[in-house]
Amino acid sequence: MITPQSYKWFFEPTTNVEGHMHAIKRTVVEAQTKFQHMEIIETPAYGKVLILDGRIQSSQAEDFIYHEALVHPGMLASERAPESGLVIGGGEGATLREILRYPTIKRAVMVDIDGEVVELCKKYLPEMHQGAFDDPRSETRHEDARGYLERTSERFDFITIDLVEPLEEGPACLLFTREFYTLVRDRLTPGGAMTLQAGMTKLGELDFFTSIHRTLREVFPVVAPYQTFISCFGTPWGFITATKKVDPRKQDAAAIDRLIAERMKSPLGYWDGQTHQHAFNVPKHIRAATEAQTRVVTDAHPLIVT
Amino acid sequence: MITPQSYKWFFEPTTNVEGHMHAIKRTVVEAQTKFQHMEIIETPAYGKVLILDGRIQSSQAEDFIYHEALVHPGMLASERAPESGLVIGGGEGATLREILRYPTIKRAVMVDIDGEVVELCKKYLPEMHQGAFDDPRSETRHEDARGYLERTSERFDFITIDLVEPLEEGPACLLFTREFYTLVRDRLTPGGAMTLQAGMTKLGELDFFTSIHRTLREVFPVVAPYQTFISCFGTPWGFITATKKVDPRKQDAAAIDRLIAERMKSPLGYWDGQTHQHAFNVPKHIRAATEAQTRVVTDAHPLIVT
Amino acid sequence: MITPQSYKWFFEPTTNVEGHMHAIKRTVVEAQTKFQHMEIIETPAYGKVLILDGRIQSSQAEDFIYHEALVHPGMLASERAPESGLVIGGGEGATLREILRYPTIKRAVMVDIDGEVVELCKKYLPEMHQGAFDDPRSETRHEDARGYLERTSERFDFITIDLVEPLEEGPACLLFTREFYTLVRDRLTPGGAMTLQAGMTKLGELDFFTSIHRTLREVFPVVAPYQTFISCFGTPWGFITATKKVDPRKQDAAAIDRLIAERMKSPLGYWDGQTHQHAFNVPKHIRAATEAQTRVVTDAHPLIVT
Amino acid sequence: MITPQSYKWFFEPTTNVEGHMHAIKRTVVEAQTKFQHMEIIETPAYGKVLILDGRIQSSQAEDFIYHEALVHPGMLASERAPESGLVIGGGEGATLREILRYPTIKRAVMVDIDGEVVELCKKYLPEMHQGAFDDPRSETRHEDARGYLERTSERFDFITIDLVEPLEEGPACLLFTREFYTLVRDRLTPGGAMTLQAGMTKLGELDFFTSIHRTLREVFPVVAPYQTFISCFGTPWGFITATKKVDPRKQDAAAIDRLIAERMKSPLGYWDGQTHQHAFNVPKHIRAATEAQTRVVTDAHPLIVT
């Protein structure tokens, strides 16, 4: 018999000549917010999948891969056991959740401009936030992250930028520039670290990733690119850790395993010493592209994904 | 204006609920051989792409990634500078080409049952074989690889298995079993090494990879899984090196860079010491799946991909 | 900006080498009933669309085309102004609704085996049934139509068969046979007429349509095929009127317009004298295929759509 | 086994929320001419298919339907047995071929601006032109049809406009206007007739068809819309006959059958008296849309399909 898994499909063009597709089991919720189109679908392979403006952000099955990769390299590259964290973006709350797993964390702030997305994720993605929004150490703010950083005098041991791509007319255009990264750096404690998701690292599509990397090198003394494969994206994904002191590329497997044991008390599902080596030892051709990139992204010349 | 890049597409289902697709620029050649359906298309992103029975085997743009990953970990894990190599399968000749890059190689044999595919690749994929079939050190045979291994008394420093998936009625079903791997091991020199491509390592689809791994552990003292991302497959891909002596997981980055310099004289595009660390430091959840697998594939109970 | 209309699609293969697709605006409801998979989606072009086992049955925008074409040729070919009607199948209630538009109708029975589908249509497709189920003249039964016809002694002026395709293991296999049509004929009044939907009339795919037509000719003195284009199906669609007396091919445009005025008091959106000529003047190549068909479908050799 | 018929597909969006797709058996030829992108593919269901700028123009299997529908209603509405015909556009030569089937035809001119398309069709679509270009009565010209009509003083009994859609930057924009149709009318003999293809007649997409119809009513005393279903387009298709005298809607089935016998001597595959009734008895809702349309297309305000 024909089943619903064979006739409804979600298409995500990775470029205009390549795409990835998922059967749709059901649509959990769909909304047009003030800032973007938001949808949660359920797929047979990945469970619930969060989609913003037609782009998969995260999935239930790979939540642990994406969010561990986004958070722990920075938390473990903080010079001291981190006491405070800031999430810029981070809609579904899983980034916040990973920060709160550290017992030393006393305060975790999440600034996501789109309160409607956050509310819908609270309601429909409990598997992802797992109560993070209700943790007494967490604070959620719905405002422009740049304005927030300009006004606050607070300093954080860890900041992570988990934003949608800077689509034209999208909410994230001025959050990928040298000026913004300078602001982030200045809100870190002296031994602090930041991480961000930095776009796909698929062959032939490295410009976004390498431009972000080049831009961060204008601002931070240590900039360490790394890569993780997110199956539901259909492409490997780039991340970057930038710090004021610690270089994650110099943390060997044993050091990472020891830090996880000390700082977290319990093991992770994806990240450990060996995964750390996997991620930070970026393949040669990507290193070459990173070295060759000269573009610095600025407010005057922002990156726009079309 | 509507362009041809927007209306002709190649679909490759990675599972029955997920797929990857490429715009088709043109079809270079298409044939039904005695053993399989073969086609070469040109895509905007990857140039020429070889497709057997609907599955992408390799692409011009990622030739260097796939074939370097398939060949060099084994050539560098051979105890001595390799003097002989054997390719089982390897249709388009790029695997043979990579072996011939070692000046110490005196003899390289390729056994691919499908002579029609090899002839068409010779004609239409010169970018890939680059004359490897005409190298005086190389010999190409079109016969069943298992029969060949049973009859020959030759020993090789390096053997690689570069086969299509064992589709039902396909030509490769009995080339993924303990009995076959035992035959391969017995045709290696005492310090020899083998590699093989071992299927996707996408989340939730690890059974093929881990079963092959488990099976090899019945036969070889050293079995080292590794992983590489092939963009045009839309999924990360697993490989395995199995040796009688050297463990590639114990070769550090400097050792690999030194071996490449010594044995090859010139650098590679994808593989080096850091890429080696990237590949052999398999992410934690894949290691866990590998450890948990108990299935040993035998002639009596072969693996069939449906 | 990427919109939801560009990334979620419903695919309906018309054959295994051709298909039609619709953007999905939202999913209204989805259920697996005892008999089939049922879903209502909303599309930008057609509004709500009812899908059973992956096949579009009807859409809000083309409701008037499909259901007028299914009902009125038979109601107007009944020798007398029809007083009773029977719908076999007819899930969403629009067929019943069209029968009830005739003031002379005193009783309209609908027998659809799948009560769950009917209940969900009642709730989610009020635009289609428009209260037909609550009309005091209507009766809805959920049982096997063949058993019902065998047991009842009632006679109807009009019977229509609005069934899903006879998929293997589907609920409709024995409702497309000579034996079943004989039963239908025997439940008609002496001047009664029946209609049925008879599958696509796309070039090269006429076997279903012509076999049903040939089978009916074993049973009825008058068998008149006709054709309508349902845009959302992506193919023209075949219907057949079979009667004991009146031949709709001999009703000219003026006669049909007069009958509509007399029997219905108000005009229709799709059907009138000219549409009647359009539909019953089947193109030459389809007439030729109809004449050439020799297959009579029987209980012993039923039609199965695969 | 996976077959090539399951993995290469041609997609034709009928609108931006609906599409039709065909498996691709092979690509016969592909070229970018001075005016448009041209491709001939072979599909399992329809044989060779001609595609211009991503739009299916005609297929081998339905050649007889499309080209008989385009030519004969006009040839049979010419007051006298036609002695001369003009094809505007008509790339693959099948339109020309249908005109040449009339023994009374002494001269048939085809003006298609794109000589490269015509040459490739001559070579790769002999099934369609069947030697029409070599008929001593035919003349083929490659120039702008409007300029040709302005310069010539010749008169034709039949003119047909078989053009691609007026895509932006495409070659056909000023060939769908009142001014152009006036020129066409003035080049017809006093009893002459013209036909044209006038776009899809799918529900909700009638604007193109009805605007052309409305425009022609400014120019011709008789304007008769008709409709044919072309399966490979996935939508019904509109045509219009416009004449100075004869109204095809008043030609009954017997008259058409008699004219075919007299003027052609042999029967056609698609068109006959009954098909004529089918085609010219346009369904009610399309008639209503045609009546409601007020737009007259002019050089100053041309129709552009986007």
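Per-chain numbering from 1; labels A, B, C and D assigned in written order.
One rule holds in what follows: a contact is a pair of C-beta atoms (placed from the backbone, for glycine too) under 8 Å apart; a residue touches a chain by one contact, two chains touch by 3 or more.
None of the values given here were measured: they were computed from a predicted structure.
Asker: Shared touching chains for subunit C and subunit D?
Answerer: The common neighbours do not exist; no chain touches both.
Asker: In whole angstrom, what separates the CA-based centres of subunit B and subunit C?
Answerer: About 55 Å, centre to centre.
Asker: Could you give the separation in Å between the centres of subunit A and subunit C, each centre being the mean of its C-alpha atoms?
Answerer: 53
Asker: Two or more other chains in contact with one residue: find those residues in subunit C.
Answerer: Residues 6.
Asker: Going by the touch rule stated at the top, which chains touch which?
Answerer: A-B, A-C, B-D, C-D
Asker: Hey, which residues of subunit A end up touching subunit B in the complex?
Answerer: 5-6, 15-23, 43-46, 61-62, 64-65, 202-204, 228-229, 231-232, 234-236, 253, 268-272, 274-275, 277-278, 281-285, 287
Asker: Enumerate the contact residues on subunit D facing subunit B in the complex.
Answerer: 1-4, 6-12, 24, 26-27, 30, 36-37, 39, 41, 51, 53-55, 167-170
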